[in-house]
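Structures follow.
Next, two complexes with subunit A in common: one pairs it with subunit B, the other with subunit C.
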Partner chain A sequence: MSEPRLKIPEGWEERAPEGWEWSELWEAVEVGKHIFTDEFVRKAIDTGINPRTILDDGLFPGFNLQGDRFTEQIIFIPEMLITARAMKAGLALIRPLLAAQAEKPIGVFVMGTVLGDMHDIGQSIVAIMLENAGFQLTNLGTDVHPDKFIETIKELKADLVGFSALLSTTVYYQKVTIDEIEKAGLRDNVKILIGGAPTTQDWADEIGADGWGRDAVQAVKQAKRLIAEPRTAWA
Partner chain B sequence: METFTPQEITIAVEPLLRIQGYRDLDKVRAPIKKVAAKMAARAQQLAEPIAVYRKVPIKSVDGNSVTLGAGTVFHSEEFPRFLTGCGEVVVFVLTIGTAFDAEVQALIEEDKILELLFFENAGWIGVESATKTFSRHLQAMARQQGCQLTRRLAPGYQNWRLEEQANFFSLFETGALPVRLLESCAMLPKMSRSGLYGLKPSL
Partner chain C sequence: MKELSHRERFIRALRHEPIDRLPRFFRFKREAKEKVARIFGITDAETGLGHQPDLELRMGNDVVLYQIGINAEFSHREIAIGDTWHSPFNVGYGKSGLQGRNEEEHKEFMKTQEYWGPAKVVPENFPSSHPITSMEDLKNYKWPDPDDPRLLDPIKKMVDEYGDEYFTMVDLSSTLIEAAYAHIVGTQKFFLMLFDQPELIEGVLDGLTEYYTELGKNAVKLGIDMIRVGDDVGAQQSMMLSPDSWRELAKPRFEYMFKEFKKVNKDLFIKLHSCGDYSPIIPDIIELGVDLSGLMQPTGGNKDQVGIKKKYGADLALVGGFDVQNLLPRGSVEDVRAGVLEVIKNLGVGGGYIFSPSHYILADVPIQNIWAMYEAVQDFGEYGKYPLD
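Up next, the complex of A and B:
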């Protein structure tokens, strides 16, 4: 197991004003100083730095470093959440500016816990990570009927949908929900990601999901992979 | 139908941190420890554990199904292993109360995700602790009648389909339970547990 290192964005100096330093923000996001992050991002905006540059050069390095550490099991979910909170504080300032520049979210993601399952926390963590990664996220909560997934997928013209399940018996509803999406004629429009403690890659393959997120960080990686894959465009 | 109120439930910080994967608790960052401690204390404060239970005779254990006195049939691959030789089962519904759901909702609305993580974990530790206390109560009761308690079995686990939860709840008097069953077979309050124990005569 190797200790992941901070990946400093190549050429960041050319995209920042002379004398500008991101290192304090990288560290703030890494250790989860959300108030400092908010203040620093405001300063960057006031300085006139492009919001996309603030996001890519300022916010993502610390966030990605923690994601790598989480994958290596050097840190655990609580540290990841503290980092995510700081990231979110910065993103809250950046997002409207990106929208004003006509930058679209990287994808529209609908998620929820399947019918019969009231477990919330796992999918809440995935939700915050997906939002931080740039997805427009709608979280339908727990105990979600397949019809509700279908209705929301249609309404939002979703690119991806994710189902979580924590009980060994409710994972069955992941299959039911996929079957219902298929019957509704939406299967080619939307990529499907599943997760939850009893799930595996084999289960994902068996029920016809497009991806399986072992944990929140992997779910984001899978979502980014799937969004790049071809699918039928919404009418 | 009888009611039992578990008095000694414990929601401690250590297991909360261990659930998250920490082995050396001295190395856990102070802000994380602080939130975990706060949520453990909050959960302990809000917990109002109660269990409602009754004994039901077993008519037969046949293949993977068990038929209870009133004719209710349940299915699980585990039944033959655990319920063969049992004369009765104790069916129960247990919760640590509605205040947890309200607190979870408040934490979601306030976007306090770290607090939510620890609070939800604390809730399940509370349910586990209440179940252990309840189980000890049943063990004492079983000993008095020359029986021992089997492992706990529950709809939603051990290949016992969650859909049988509706039949399971029909074993109790309507309206007398602290837990409500939703159409989807999930329970409210969320921090609740249903299940049964077999009562097997001691050798």
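Up next, the complex of A and C:
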């Protein structure tokens, strides 16, 4: 594999005011300067740049670069976390503006760690990456009871639900949660993704999940694939 | 070859010398241990600080292990749902809601027990509060007493009782990076602090190094054969932090620790354990003079056991490699038997290998699979016979 490179968005100059430069922001997200990112994004908003443009041209390049490096095992959890934190700082400012422009998320995603499992470091990375990919994301955190999943799925009319489990002793709750979603009559309304260290494609098939995310990048790919698949519309 | 004593066998394996059969090293979590103990008619199957090795020895363990340190305090302890228990490190621990926090949730939990049959699902204990999250906390923090007889007396007893016949090992885990992120600071905070306030992380790691060095030296003075440090830096597919960060944060501190231990006993053996894939730092581990290390999660990351053996097997004795994530809890009896054979073929040929499941045997393992593993290692673990001929 070749060394991941910064992908500079094509034609960004035409979408930015005269003399504008994004490169400082690309680097800030890459090295995880969250305070600088916050300040820069505020400046961009004040300048009147379209929020979608700020996201695509300003925030994504540095984030995607780190995502690629993470996949290639060039960087690791600490570096990915600070980049995710910087990205989050920028997103927090952009998200309300996108909503005000009535820009629709590509899907509503509910996620959490199954009942009994308290490990969420990987999940928090997946959450941010899904959000960056354009999903409206609700992260229920750790140790989530199946009822809580069901309640949230209904309330938000979710398109996708994802649950992770780190332990071989808690992974069974992925099955329980799917069974409970089925019993609640919601199985055809949502696509289900699973992940976590002891999980495999075989396990996903066995318990009737729609997809398995081997890692954070795969989880996002799977989510994008599943959102395009047909499912029963919410009433 | 004539039958060796357990201690001889283990030491010879560490030195890559010819042996009669593969040394064995089984470790259990309480629920699994109680299940198997019943079969052998063993009544005391205590784990953790009250550890009783009878069952492990009955299964052919060549080593007697006693664990002290952060993990020993919390991981085998019974904590009621909803309770928080504070360890001597002032870390708070609680159970997750796996068994249910009320009648109704408990019913839900019992359904899962029916599905698994004899393989019970049990909740683990989790750190729920962390004592050092600021420089102020660090300044005021009191490390536990490394001369604590509560920890050292059982080691003396182990050496007196088993030291002649068996290899004796003291496990100081979790020791350094893992101790800091999982317990003392909190995982997310630890990783962010590496950038935001590195002096806090350095301070915590220095404190841990000092404490464990003293505690370990006390254990070595009692005549044990091996110190095991356990420090999880591997995730399923890769390392959690970069090999360079590990070299900066952990390597010099372990170097200091091991030198201090060897000042007490220059013949001391050292084992370094990490869960997950930590293959990028194996050369560093060898450089530190570690004698034994594991292949802990054969299902993810670097799965090339033959390659690892070929590359590092001459400089490092290996342990583990038998999958406890999928094969042992969920494979059939035939799968387990085939899995044992494969691992022994991969790692046992030529010596320098200690058979062990890749981690603790957990509560979710069906008893027939434990039995199948136990039988298979007897059938395939003898040197001079297939597959070790």
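Before moving on, here are some points about what is shown:
Here, the second predicted complex is superposed on the first by the 234 of 235 C-alpha atoms of A that agree within 3 Å, B and C clash if a C-alpha of one lies under 4 Å from a C-alpha of the other, contacts with A are read in each partner's own complex, and residues count from 1 in each chain.
In this text, a residue touches a chain if its C-beta (ideal position, glycine included) is under 8 Å from a C-beta of that chain, and two chains touch if they have at least 3 such contacts.
Please read these numbers as outputs of a predicted model, since none were measured by experiment.
Under the clash rule set out above, the superposition-derived model of subunit A with subunit B and subunit C contains a clash between the two partners.
Of the two partner chains, subunit C is the only one that A:Ala197 touches; subunit B does not reach it.
Legend: residue contacts after superposition of the two complexes on their common chain; A:Ser164 is shown touching neither subunit B nor subunit C. Residue contacts after overlaying the shared chain place A:Asp117 against subunit B and subunit C alike. Using the contact criterion defined above for the overlaid structures, shared-chain residue A:Ile128 touches subunit B, although it does not reach subunit C.
In the superposition on chain A, contact is made by A:Arg214 with subunit C only, not with subunit B. Ranking subunit B and subunit C by residues of subunit A touched puts C first. By the document's definition of touching, neither partner reaches A:Gln66: not subunit B, not subunit C. In the superposition on chain A, contact of A:Ala84 is made with subunit B only, not with subunit C.
Shared-chain residue A:Pro146: touches subunit C; no touch with subunit B. Subunit B runs into subunit C after superposition on chain A, and of the options 6-14, 294-302, 348-356 or 366-374 the stretch responsible is 366-374.
Common to the subunit B and subunit C contact sets on subunit A are residues 32, 73, 76-79, 81-82, 85, 115-118, 121, 124, 142-143, 145, 167-170. Residues 96-98, 105, 108, 111-112, 115-116, 121-124, 126, 187-188, 191-192, 194-195, 235-242, 245, 297, 299-300, 324-326, 329, 362-364 of subunit C are the ones touching subunit A in the complex.
Residue ranges on subunit B touching subunit A, taken from their complex, read 20-22, 29, 31-32, 35-36, 104, 108, 111, 113-114, 116-118, 120-121, 155-157, 159-162, 182, 184-188, 190. Of all residues in subunit A, those touching subunit C in their complex are 32, 73, 75-79, 81-82, 85, 115-118, 121-122, 124, 142-143, 145-146, 167-170, 172-173, 175-176, 197-198, 200, 203, 214-215. Subunit A makes touch with subunit B in their complex at residues 32, 73, 76-79, 81-82, 84-85, 88, 115-118, 120-121, 124-125, 128, 142-143, 145, 167-170.
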